[in-house]
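Below you'll find a set of structures to go through.
The two complexes that follow have subunit A in common; it is paired with subunit B in the first and with subunit C in the second.
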Partner chain A sequence: MNDCAAFLPTYASDTSGVASALYELGGMTVIHDASGCNSTYSTFDEPRWYDQESFVVISALTESDAVLGNEQKLIDDCVQQARLLSPAFLALANSPVAMLTGCDMPAIAGQIEAELGIPCFAVATNGINSYVLGASRALVAVASRFCRDTPRSPEKSLNLLGATPLDLGSLEFSAICSWAESFGLRLNACVAQNCDLSHIERLGAAHVNLVLSSTALALAHALQERFGTPYVTGRPFGFFADELASFLLLAADTQKSITLPRTENPQSRSVALIGESVAMASMARALAHYGFGQSRIFCPLEAWQEVLGPDDAGGEENEDALAEFLEGADLIVGDPLYRLLVKEGTPFLPLPHTAFSGRCYLNAAPSLTGQGLEEVLAREGLC
Partner chain B sequence: MLKIALYGKGGIGKSTMTANLAAAMATQGHRVIQIGCDPKADSTMTLLGGQAVTSVMDYLRQHDEAPTDLSQISARGFGNVLCLETGGPTPGLGCAGRGIITTFQLLQELRLFEEVKPDIVLYDVLGDVVCGGFAAPIREGYARHVLIVTSGEKMALYAARNIASAVANFADRAYASVHGIILNKRNVPDERQKVEAFAREAKLAILTEVPRSDDISRCEDLGMTVVEGAPDSACARIFQDLARDLWALQHEDCHA
Partner chain C sequence: MPNNTMSSHLAAQRYILPVSQASFPEPFAQTLEFNAPVRGPWNIVHMALQIPEAHLLYICARGCLRGVIMTAAEMGAMARLSWIGLSEEDLTSGLLDERCFQAICQIVTKLARRPPLILLYLSCVHQFVQMDYPALLERLKARFPDIRFMDCHMMPTMRKSGPTDEERTKSKIYEALDKAGQTDARAITLIGNDWPLARESVLYQMLAKAGYSLRELARCQSYADFQKLGTSCYLLTTHADALFAAKNLAKRLGLLHLDLPASFTFSEIEKGLRELSEKLAIPLPDLATCQAKAEAALTRLKSELGARPITLDYTLSMRPLSLARLLLEHGFCLVGVFLDAISAPEKEDFLWLQQHAGDLPLIATRAPSLRFARLRAKELGFQGDNVLALGQKAAFFSGSDHFVNLVAGGGLNDYWAIHELARLMREAAAKPKDRRSLIQLKGLGQSSCLGGFACEARLTRPETSDRARRA
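On to the complex of A and B.
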């Protein structure tokens, strides 16, 4: 019963990650499932659902279709709907049932593409992994199909990668966009918020990629391999914004990726951070400015090893282990739902994370870019 | 890399054919992997001196976590053939087909092909293409060629027909295609003619004919293939010839 969660929810699943990453790109995302995946996605994981049109659909898999292997029905439905809606592409994602019955989505995608003449690809999901894997694989898949071989832009330019609402609220994202255009680089493309498919098409034109969340690490690797574009990981929280800007300019000039080392000042106060690796590593650097120089991070999501240090931890969420991890910290940072594991009296900095607490704190999510962090710390009595 | 899957009715001799082919290919200088896809996990025993390798499903059952190293679920057999077995769920429970898919995903995560760099991979698949799991060995990225093992017995030919039509159903997917038939003789009256009739109907070639032989039984009792235990026997020569013929497919695959 070690992995039994008494207080904490799970992170958004990989199918939500796929849908979120592709939401604004003009394609049709099909989750092969009875139902449930889509209602969880629309109810908890997708703040754009009621304001912005997109084609995210469920296949309505039935027990008999699953048992009999009636995959032709999925193919026919996809073809029929695509002919009605004319999406730019189709993306297929597996749910736990279809995964267990061994539904061969890449082969089905090939059949649909052959019939429709519209790009169709499968994103390897099982409804069990976190949104990080789903979004990550979806971004790589759509870029591999639509990213063009374009020359570098005449002016030095930047792509923002990994900006789905599961990690960045609209307020935060707007602040990052403004910041990104303030230090001498032109914004070339955003993936995947406030964007369309043309942003994917021109990804190769930028001089540097900023990876805003671990959902875009694989895409950054792919773009580095294909175009030689360097990348930097980070979120411009507080005073770290200036440091991050200088790293981006350096990477754009030298065309070399920069991995930010984790900093450590044993003389200062300690902070324990829980959450997505890129955001938490950036927050650790930002908080060092306020005297919290001893930081350790726990990332319960995939793809954390590249960003975090040897003293950090990651993997499966285990409430007992997590409570132990938080023990003794002078400050704890994480989604407000993690407060349930924090001892009374320990200062806590709440950073709402849609992929974890859904819409619960959506309206309370502040912008922490640049000066925004200082305002929040002051409000919480931490500086 | 040449990847071949052997299908056929249960008990028809698929494991015998596969292990002998693996042994013959190994003696011809090739790096070979044999993957048994049968809950019984006995495909590779004649390559391993009658011993069983820890199957993937057994490992999962015993450790409640996935293996982290290929050495935990594989063993080197005759001719340095790397032997693996999917194994199966607890009898009467779980899902054997899913077990094959899980095994294949695991082997991919463990970078089997990149680490071992085989020339030839042989999949020995239980019986018929009964569900998605048992079709996994012929999906894109796995076997490109299917060999159907059959005798002249009615039920063996019935299964062979089902296998051929199942593979044909996947013609519009990038799956394997049937390369031909291995006739494993059971001394049924008019056996050759019966299998030839099926071959004509399915537009397939009979690649070789393996006679019923006491050499095979004797060697199996000793935990060996005939290629190892009776290398000068007529049977061993048949497997050596077939191995050479099949290796020629490698050149076709390279030019495909």
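On to the complex of A and C.
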């Protein structure tokens, strides 16, 4: 039991990641869990829940149905509701109890699809892993069913991948969309915010993919394999925005992927960053410009070694391990709720992350794209 | 699946029913569920944190932890809640019991202050892998003799096959009471209510005038105060979801228990207060005058509302059908009641409604179709600010900013509840509220980092949040 905390929250789970990734695509996402358990996702992990309608429901799994293996009820309920409300597809996500009882979700999905004639797929979840894994698998699954074989667009274009509200607040997302169209590439598709299923269908037309979060790394791999589309990982924070734009243009020209290289300057100040790997690796690059050239990242989520470096750590949500990791840093960066672990006198840059602090700082999340970062650093007295 | 089977399933899954066609206690078939963006009702975290100085420790999968943790985080009460996340390996290794024990020890030794009580929440998965709770508690007791551990449960898979998590939590809260000290013959404990009883209620006034002090969890300032709840001479309940706790506690501590249902039906109110008067041998006030005042408040309300459509939901009060009956008996234009199940104390009201208002629609709040505004507008037949909604779910589904913002009765009781509710309805009818913001605040009346205090019933403010901050 490496994941435990006396004071800190935990990250959103894989089922929330599935629902968030598929939210705007016109499907029906069914989380196979007990009545009331969808309140967690819809309250804390889904800022769109009140204002934007989406067909995310829970199966209201009961003890007796779980113990007796009454999976026919899930099938019947899905079929009935889908016939009433005609979703474009169905996605099924599993919970801890259904995992323990060995519920065969892919088989159930197959049966539902056979009855309805509507695409239905299972996303491998268990309510134990983080949103990164859930969203990642959901994006790959939906793309594998709906992405079409299309020729590259006449103008050079890019896709934004991994833009769920769990990682990107609305201000940040708008700023990234504006930035993405400012340096000579046309925005082809965005997955999966401010989009619909047509964005998934035309993913193959882009010349390059920008992976904004580790939730989309697997999708980027899949698109590279299927279409040969290269990808670049990164978020356009501060001065790093220009560098990232040049990486994207280079990748679009050469058709070779670029994983964010880390820069180290042993003579400069140190920064410890806590959070999702792509965002924190990008922030490390951006902060190097302000004299924090020695960076190390603690990613409590499923680690993606492709993005993290040898001095980085993570893969577990353990307060003690994290507190030790933060020792000696000249600056600490992370969600405001991590401030509890920061020793008095150590500068802290608070970057709200919905997948961690939920709604607590939703309205306070700034845009860090381009000059936005400088404004935040100035406000915190860090530049 | 054959079409004829489908048709019968669809027929069984109607989510709007005239009360005359509804069955008791489950009017609607169980199917996939939608979760409305209505967050005012309290959950097990809000309830348990009412115990001063207690600490909460949850052990479950991440998906289950997230909701309770973020509830505490929004309240600013993370210092009072810790957690241990389970991995797949924990569940399949056969080492779960030992690992849980070690992780709990690790957490407890890190706490800045030793709490007198730790509510240890285990979950559905522990049940499925047959964890030995008593053995775990014994080991913890030996390791931390200064701390009392209560095995609590967060088992939503059993929500429909026994006491709910809320009922279990209420029971466990009072299981932590010891028979410490002498019984106080002039003290009464009201158990199970989230909100303190309104001082204007007839129930409170009767006890106060007879020299009884009323003890309630919501007014406890310290753990010592909390322990005093077990030394009263009588236990009272007004809410059905506390009966499970009350019966257990009465039996264990040898206390007398009296249930006075928080009804809106005059005859039931009178019956309860008369019973209280007889059992405690205390004077009964002039109930006819109390009723007349409540009737006058309703008459004034009716004259102002006229035929304005009203909806109500089960989160406003523990007795939605009793309230529906009251409104219909007094000529109000009630056009729908939002609920998903009917509680046992409501059976008589349900039967009355079937007989006297058979066309009254009962509407399921979990129906997936009601997720969509276009379907709500089409199916419900009422929508918009012309509707006066009683409760947050009624406000959401009716699409009205004119609503009464109360949950779980808000501490209102007996004739005073009717009087005060009439006032709140008049206010709501006259002035719209910020529905979008208000109904999304988690745990109405709790402190929240998303907004200020949002309670509108007088004298019903619980003190949990202040305590949470102090702790």
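Everything below uses one rule, namely that the second predicted complex is superposed on the first by the 377 of 383 C-alpha atoms of A that agree within 3 Å, B and C clash if a C-alpha of one lies under 4 Å from a C-alpha of the other, contacts with A are read in each partner's own complex, and residues count from 1 in each chain.
Following the convention adopted for this analysis, a contact is a pair of C-beta atoms (placed from the backbone, for glycine too) under 8 Å apart; a residue touches a chain by one contact, two chains touch by 3 or more.
Just so it is clear, the model here is predicted, and its values are computed rather than measured.
Clash-free side-by-side placement of subunit B and subunit C is the outcome of superposition onto subunit A. Shared-chain residue A:69: touches subunit B; no touch with subunit C. In the superposition on chain A, A:101 makes contact with both subunit B and subunit C.
In the overlay built on the shared chain, the residue A:81 is in contact with subunit C alone; subunit B does not reach it.
Of the two partner chains placed around the shared chain by superposition, subunit B is the only one that A:110 touches, whereas subunit C remains out of contact.
Note on the composite model: angle subunit B-subunit A-subunit C, taken at the C-alpha centres, equals 90°, rounded to the nearest 10.
Touched residues of subunit A were counted for both subunit B and subunit C, and C has more of them. Looking at the shared chain after the overlay, A:195 reaches neither subunit B nor subunit C. For the pair subunit B and subunit C, the model built by superposing on chain A gives 5 Å as the shortest CA-CA distance.
Residues common to the contacts of subunit A with subunit B and with subunit C across the two structures: 100-101.
The part of subunit C that touches subunit A in the complex is made up of residues 1, 6, 9-10, 13, 30-35, 37, 39, 60-67, 69-70, 73-74, 78-79, 82-88, 90-91, 99-100, 102-103, 106-107, 110-111, 123-125, 127-129, 155-161, 366, 368-369, 371-373, 436, 440, 442, 449-450.
Residues 1-16, 30, 33-40, 42-45, 49-50, 53-55, 57-64, 66, 76-81, 83-85, 95-97, 99-101, 115, 126-130, 317, 319, 337, 340, 357-360 of subunit A are the ones that touch subunit C when the two sit in their complex. Residues of subunit A that touch subunit B in their complex: 69, 100-104, 106-107, 110-111, 114.
Residues of subunit B that touch subunit A in their complex: 95, 97-98, 101, 131-133, 135-136, 139-140, 170, 172-175.
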